[in-house]
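For reference, chains read A, B, C, D, E, F and G in written order, and residue numbers begin at 1 within each chain.
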C-alpha cells in the first residue's frame, strides 16, 4: 500500500467520520456555545482534510486554503461569543 | 402649402399668443380673439368660388414619412362646408362671448381653449391623412374636456367632462384602430387613395373590424345611442361652448367621418344598415326625451342628439337624396341650433335662469332676441320659408324613396320631426310669450352682441330658405356626387303639392298641437327618473362603478402588502415552468452506477450538507440557524476543495465568516424568535418548495447530459500563462480575461458599503424628509 | 456524485424558498443566502465535476493539460459570491434598520406600502 | 481613442462616481461634479450614437481578447439610443438633485451612487456578455436599493424590504438561467449563443431556460404577476430618485427582454403566446391598479406597470414593426415617466401631500406650471401628436399583421384607462378648487422656495418636456432610429459580425 | 522509509482528531468538551501538517506549514477562551459532578467586570438574577 | 524603538518563511513590507522585551510539547474508555505573571494543554480562572502550573 | 469584549495577518489567492482588533476612515484598466506587462495593480460595513 492509497482509503475516511461525529454534536447542541465549539472543531478537522487531500491529489497549493481556514476560522467564534455576551447584557 | 399649413396651425399659435398675453392684458382687448375666426372665415370663403366650380385643393408636407404620416390636407367641397361652418359659427360665438362672459376672471383661458378647439376642428375636416385626422380628432376631444370642465370649481362639470372624455376617448382610439387597419390593408393612410381599394371596405376578412371601429368612433363623437349620454352632461359648459362644440361643430365630426367614408363603404350594406338602425333609434329616443326636460339647455341637448340621429339615419338610407338631405340638414341644424343656444344663453344671462317653467313674457324686454328665437324655432320646426323647411322636405323625400321600408322610415321621421317642432318652439318661443313670472324680477336689456349674434344666424336660416340655390351651388351640387357618384336633387322651397308637403303639414301641425297641449314640468321630469335606471347613462355609470369596485378588489387581492404572497406567486410560476418541462419533456438519466462509485467522504459531505440545510430551516433559534448556515458554507467549501476549486473554497470561507460576523452584530438587538406561520401555510410552502426543488433537480440533470463545446475554457487553459502571464487560471480570468466583471463587482461592494454607511448613519431632520 | 449534487442543488433551492416564505426577516435573508449557495452549486455543476484537478498551471508548465476543472464557472461563482456578499450585507443592515424603525422583524406586519390611501 | 468610444459611457460615470467619493464631505463641489459628469455623459452618448449611426454597430473586446474569450462591449442602435436617453434623464436629474436633495443626503454618497446607477444602466445596455449583464444588473439593484433606503422613513424601509427581496429573487432566477445556459452551451457570449442555441438538439430545454429568463426579467421590468415590488416601493423615496427609477429601471428589464428574446432565444409561437397573455394582463392590472389609487405617486407607479404592457406586447408580436412600436414606446416612456415623478415631487412641495384628495387649484394658481405639466400628462396618454401617440401606430398595425385583435383591444383598453386616469388627475389636482388643508409646520412649501430652488425643481422638467416635445413633433427622427433598431433586432447577423469582427456590414 | 514515518505521523494526528471528535460527542458539559477538543484537534492537525511537510520536502511548503501551526497555536486557545468565557457568562451549566466552581458569582452581569476576590473588599457584588 | 526594530526583523523573517524564497531581494522586500505594516499599525504602548532568549524559548517549546502529548494521552484514555474518571472544576489561580504578554501566554498555554481551559482573567489581573478536568486536589493543581508553565514563561519574558 | 487575553493576541495577530494578506494578494496570479481574499484577510485583522480592543482603538490605529480606501482602490483599479487606452491605444483592460521579472513579485503587469485596487476596495468595504454596524447601536 503506497502512501496515497493509505491516505485516501484509511485516513480520509477516518477524518470524515470524525467530521460526522462533530456534526452530530453540532446538531445535538444543546446550547449555542456547543454548536459554536462544534463548528470550530469542524473547521479544524477541515484543515486536516485539506492537508491530507493535498497529498492525495499532489496539489501543494491546497495548503493555502488550509492557511485561510486556520487564520480566520476563530473569528466567527469570537463573533458568536461577542453576540452571546452582548445579548446577555441587553436582556 | 406653407400658407395653408400656417392657417391650420394658426389657431394653436394664436392660443399660445393669448396665453402669453396674460389675463390682464387680454381683459382690455377681448375683441382681439375674434380676429382669428373672422380672418379664417374670410380665408376659407376665398376658396368657395373655385370649389363651387369643382376644384379640389391639395396641400402636402412630409412629417413622419417613414410611417407615411404626413401633413396631407385636402380641401374639397365637403371640407369647405365644414370649414365655413366652423369659422362662421366660430366668429359669431367668439364675438358673442366677449359680452356673454364679460369680466370673467378666466376669460383668456376660455379663448385659449376655444382657439385650440377651432384649430383642431379645421385640421380634422381638411385632413386627407387618416392618422392626421385622428390627431385633430383627439385634440377636439381634449379641448372639449377642458371646455366642459371650464367651470372647474363645480364638481358636476368636472364629472361631466370626464364622462365626455372617456366616451369620446374610446371613440378616438377606435378611430386610430380604424385608421391603422385601413392603412394597413390599403397600403396608404391617404383617405383619397384608399378609394382605390374598394374591396377592402366591401368584403375583406378584416372589414368587420373596420366597421366596428369606424362606428365606435363616429357614434361616440356624434352622440349616437347608446353613447349619447355624455352630450347632455356636456351642457355644464358655458353656453357659447355648447353652441359651438356640442351642437354646431364637434359633434358633427362623427357625421363628417361617416360622410367622408361613405364612398369607401359604397358596396357595404352593413355599413348603411347599421347607420340606419342606430340613427333611427337615436333620433326617436332623443326626441322623445325632450318632452321631459325643463332646462332649456337640456331640451336643446336632446334635440341635438335627435338631429344627429337624423343625420346618421339619412346617411344610412344611402341614396343620393338622403345624402343631400343630410348635408342640407347639417347646415340647417347648425344655423338654428346655434341660434337657439345663443338665445338661451342670453336669456340665462339676463334672467338668471334656464328653467322653462319659470320663463315667460320676455318679449317685452328682449324683443330683438325673441325675433331671432322665433325664426330659429321655425327653422327648427321646418316652417316655410326658413331653410328648415327645405331640410325637412329633403328628409321626407329621402325616406319615401329609401330602399328598405319607406313607410316605416317615413313614420319614424315624422314622429321625430313633430317632437323637434315641439322642442324648437319650446326653446325659441315659449320664454318670450305669455306672462312674465314675478319671480324673474326686473330684467336688464342685453348688450347688442347678445341679441345680434343669434339674429345673424336666424337671418341666415331665413336667407337660405328664401334662396335655396345658394345652398345648392355652395354645397350639395358638388358634395352629393362626391359622396355618392350621383347628382344631387334640385333644391327648392316649393315642389308643388305632393305627399311631402302633406307630411310637412302634418309635422308642423302635430308639433304645434303638442306645444300647446304638453306643458313641461318638473313633475314630468322627475316621473321619468324612475326609468333612468335603465338608461344607457346609468347603466354605463353602474358599469363604471362595478369596474371600479372590481379594480379595487383585484388590486387589493394581488397587491395586498404581504411580501410572502408576492414571493409565492413568482415561485409558483417558476415551479410551473420547470414542472411543465419535466412532465412534457421527461428525460431521466439517473444511474445506479454513480451511487455505487460514491466514497465515504462524499457521503459524509452530502449528509452533512443535507442535515445542515434541514437544521437551518427548522431550528427554532436564529443563531443556530446562522451556525447551520455556517456549516452549510463549510461543506460547500469542502466540495470546492475536492472538485478543484481552491480559490472558491477560500473565498466562500472568508465570506461566510464575514457574513456570520455581520449577522451576529446585527442580531443581538432583535427580539426573541418569531411567531410561526400557521400549519397550512407551512405545508403549502413546503409543497411548493419541494416540488420546485425536485423539478429543478431533474432539469439540472438533464442539462448535465448536454455536451457543450468549451472552446473558451480551452482557450484559457492554453493561453492563461502564455498570453496573460498567470498560472492560476481562475485568477487570470478574474483580473484579465473577464477582468471588467471584477471591476464592476468591486463597484458593487463599494456601493453596498456606502449604502450601509448611509443607512445607519444618516438621520434626516424633520424638515428634510 | 453529479446527480446527487444536482439533487442537493434542488434541496438548497427548496430550502431557500421555504425560508423566504417565512414571516421573519432574518429567515428571509438566511433563505436568500442559502439560495445563493444553491446557485453557486448549480454554476459549479454546470462546469462539470472534475476531482482534484484545479485549474492551476503547474510550475514547470505553460498550459493546463489533460483533465482539469473548468475555471470559467469558478470565476463566475467568485464574482457571484462577492456580489451577493455586498447585497447581503446591505440587507442584513436593513433588517437592523427595519427593526429599529418598525420595531419588528415580522414581514407580515410590513404591509402599509400597498394600502390604498 | 475614438475606437474605444463604446465603453466611455460607462467610464464617464464610473470616474464621476469615484471622483465624487473623494469629495465625500463637500456637497457643493459634488453637485457641480455630478452635473458635469452627466453633461459629459450626454456628449459621449451623442458622439457614440453618431458613430453607430454612420458606421454601423460598434464593438470593443475588453482586454483585447478576441470574442468570445473576453467580454465584448457592443453598441448597436438600441443600446446607444438608450444610452443617450439615459444620460439626458441623468442630466436633468443631476440638476434637480442640486436643491432637491438635502445636503445631508449628499454627504452620504447620494451623487456617487446616482452615477454608479447610471453606469450600471449604461453597462447593461452595452454589454455583449450574458454574465456581465447579470453583474450590471446587480450594480443597478444595489445602487437603486441604496437610493431607495437612504434617509429611510418607515414606509421607505418597508418598500425597500419588498424591493430587495423580489429583486434579489429575480437576480437569482436570472443567474440560474445563466448557469443553465452555460451548462448547455459552454458559452456566455451573447452573439456566440445566438448561433449555438438554435442548433441545440434539445429544444424543449431551450424553451424552459428561456422562460426562466423571462421570469427573471419579468420581475425587473414589472410584468404581471411579478410586479408587486414596484408599487410597493416607487412612491417611497424622494422624487428625484423615483423619477430615476420610473424612467430607467424597469426599462432595463425590457431592454434585457428585447435583447435576449431576439438574439438568444428568438420567440417561438409558444413564448409569443405567453408573452402576449402576460402583456395583456400587465396592462389590465396596471390600469385598474392606477384607477383605484388615491396617491398620485402610486397612480404613476401603477401606470408604469400598465405601460410596460405596451412594450412587452410589442415584443410578443415579434415582427419588425411591433418591435419598432415597442422601442418607440420605450423611448417615450423613459422621458415621460421620469418627468411625471419629478412633477409629483413639485406637487408634493406645492400641496405638502401626494394625496390627490388634498390637492387642487393648480390650474388657477399656477397656470404656467399647469401648462408645463399638462404636456407629460397628455403625452402619457398618447394624446396626439404627443410622444405617447406615435408608438401606438406601429403597435396597432403590428397587432393586425399578427392577427392578434385581442392584443389590439388590450392596447386600446390600456390607452383608454390611462386617459381616464389622467383626466381624473387633472380634475383633482389641477382643475378642482384649492383644498384648504392645514399647513404642515416645518415643511418647506413650493411658494416659500427661493428662485434657485424653484429652478432646480422646474428646469429639469422643462428640459425633459423639451425632449418630449421634440419627440412629438419630430417623431420621424425617432421612428427612423426605431426602425433601424427593429431591423437590427430581427436580423442578428450584423450584431454577430460586429462581435466577431467580420467586416461586411450591410447598411440599412 | 520516509513514507512510513509520514504514515505514522499522519495516523497519529488523525487519531487525535478522532479522539477530539469522540470527546466532543461524549463529554458531559461544554467546558469539558472544549477541554478535550481544542488541544487534541490542534495537536492532530499539527501532526498531519508536519506529515505534509515531510511529504513534500520543499522549503516553501515547510515554511507554510510552520506558519499554519503558529497560527493555530495562536488562535485555538483564543477561540476556547472567548467561547468558554461567554458560555459561562450566559450560564451554560457545568456538569453535575463538577467538584468546585470558584468563578461563581464573580462576574458582574451588568458591566461584565470580573472580580478576583482578592480586592480590598470595597463593593458588594450584585446578586445574580 | 529597539523593540520595533526587532519586531520588524521578526516579521521580515515570517515573510521569508511564507514565501519560501531565501534571497537578498526577498529579505529586503520582506523587511520593507513589514516596516510599512508596522508603521501603519505602530504600537503606541510601551512594550517589554520580546522574544529575546532563544534557548529558553526552545526549551519551553519542548516542555510544552511534552506536556501536550502527556495530557493528551491522559484525556484520550478517559475519552475512549466507557467510564469517566474526571473530577472537573473551576479553579481560581493566583497569578504571578503581571504583564499582558505574560498573562496571555500563560493562559494560552494552559488552554492548549488538554484537560485545562483558561476561562478568564480578573479585571485586577490577580487571578486566572481555569477549568480543569482533573482536580484531585486544588492546591496541587495550582502548584503544578506555578512550577511548570508559569515559571518557564516568566523566565523567558523577564 | 473585555478580555485581556484576546486583546493581547489580537495585537500580535494584526501585523501577521496584514503581512499574510499582502502575501495572498501578490501571489494570486500564480496560485490561489488574489486581491479579494487578501483584502478580506486584512479586514479580518482589523475586525479582530476591533473586537478585542474596541472600535475607537482600531480607528485610532487606522488614522484614516476606512471608507476612504474605497475610492483609492477604485481609482487604482480603473487606472490600471484605463492604462492600455492611454499608453498603447489598446482596449480597456488589456494586460500590460513588463518584459523582465521583478524579484519576489514575478512579472509586474497592470493585472497586479488591478488586483491591488481590488484589495483596497475590499478592505475599505468590509471595514466600513463592520465598523458602521458596530458603531450604531
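Throughout what follows, a contact is a pair of C-beta atoms (placed from the backbone, for glycine too) under 8 Å apart; a residue touches a chain by one contact, two chains touch by 3 or more.
For each chain, UniProt lists the protein as follows: A = Cation:proton antiporter; C = Na+/H+ antiporter subunit C; D = Na+/H+ antiporter subunit D; E = Monovalent cation/H(+) antiporter subunit G; F = Na+/H+ antiporter subunit E; G = Na+/H+ antiporter subunit B.
These numbers come from a predicted model, not from an experiment.
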Intersection of the contact lists for chain D (Na+/H+ antiporter subunit D) and chain E: G
Chain separated most widely from chain E, comparing mean CA positions: B
Chain centroid nearest the full-protein CA centroid: D
Farthest chain relative to chain D (Na+/H+ antiporter subunit D) (centres taken as mean CA coordinates): F
Which of B-G and D-G has more C-beta pairs touching across its chains: B-G
Distance from chain C (Na+/H+ antiporter subunit C) to chain A (Cation:proton antiporter) - Cα centre to Cα centre, in angstrom: 21
Approximate Å spacing (C-alpha centroids) for the pair chain E, chain G (Na+/H+ antiporter subunit B): 31
Distance between chain centroids, defined by C-alpha means - chain B, chain E (Å): 78
Cα-centroid distance, chain F (Na+/H+ antiporter subunit E) relative to chain G (Na+/H+ antiporter subunit B), in whole angstrom: 30
Residues within chain B bordering two or more other chains: 552, 555, 559, 561, 563, 567, 571, 642, 646-647, 650-651, 654-655, 657-658, 661-662, 665-667, 669, 700, 703-704, 710, 712-713, 716, 727-728, 730, 734, 736-742, 745-757, 759-761
Where chain D (Na+/H+ antiporter subunit D) touches two or more other chains at once, by residue number: 14, 21, 62-63, 70, 131, 135, 138, 142, 145-146, 149, 152-153, 161-162, 165, 169, 180, 182-183, 188, 228, 231-232, 292
Numbers and ranges of chain G (Na+/H+ antiporter subunit B) residues touching at least 2 other chains: 1-3, 5-6, 9, 16, 20, 31-33, 36-37, 40-41, 44, 47, 67, 70-71, 74, 78, 92-93, 95, 125, 129, 132-133, 136
Chains touching one another, given as label pairs in label order: A-B, A-C, A-E, A-G, B-C, B-D, B-G, C-D, C-G, D-G, E-F, E-G, F-G
Interface residues, chain E side, partner chain A (Cation:proton antiporter) - complex: 3, 6-7, 10-11, 13-15, 17-18, 20-22, 24-25, 30, 33-34, 37, 41-42, 44-45, 48-49, 51-52, 55-56, 58, 60-61, 64-65, 67-68, 71-72, 75-76, 78-79, 82-83, 85-87, 89-90, 92, 109-110, 112
Contact set on chain C (Na+/H+ antiporter subunit C) toward chain D (Na+/H+ antiporter subunit D) in their complex: 20, 25, 28, 32, 35-36, 39, 42-43, 45-47, 72-73, 76, 79-80, 83, 86-87, 90-91, 94, 97-98, 101-102, 107, 110-114, 116-117
Residues of chain A (Cation:proton antiporter) touching chain B in the complex: 12-13, 16-17, 19-20, 23, 26-27, 29, 32, 35-36, 39, 42-43, 46, 49-50, 53, 59, 61-62, 64-65, 68-69, 72-73, 75-76, 79-80, 82-83, 86-87, 90
Chain E to chain G (Na+/H+ antiporter subunit B) touching residues, read off their complex: 67, 71, 74-75, 77-78, 81-82, 85, 112-114
Chain A (Cation:proton antiporter)-facing residues of chain B, complex: 599-601, 603-605, 607-608, 611-612, 615, 621, 623-624, 627, 630-631, 634, 637-638, 641-642, 646, 649-650, 653-654, 656-657, 660-661, 664-665, 667-669
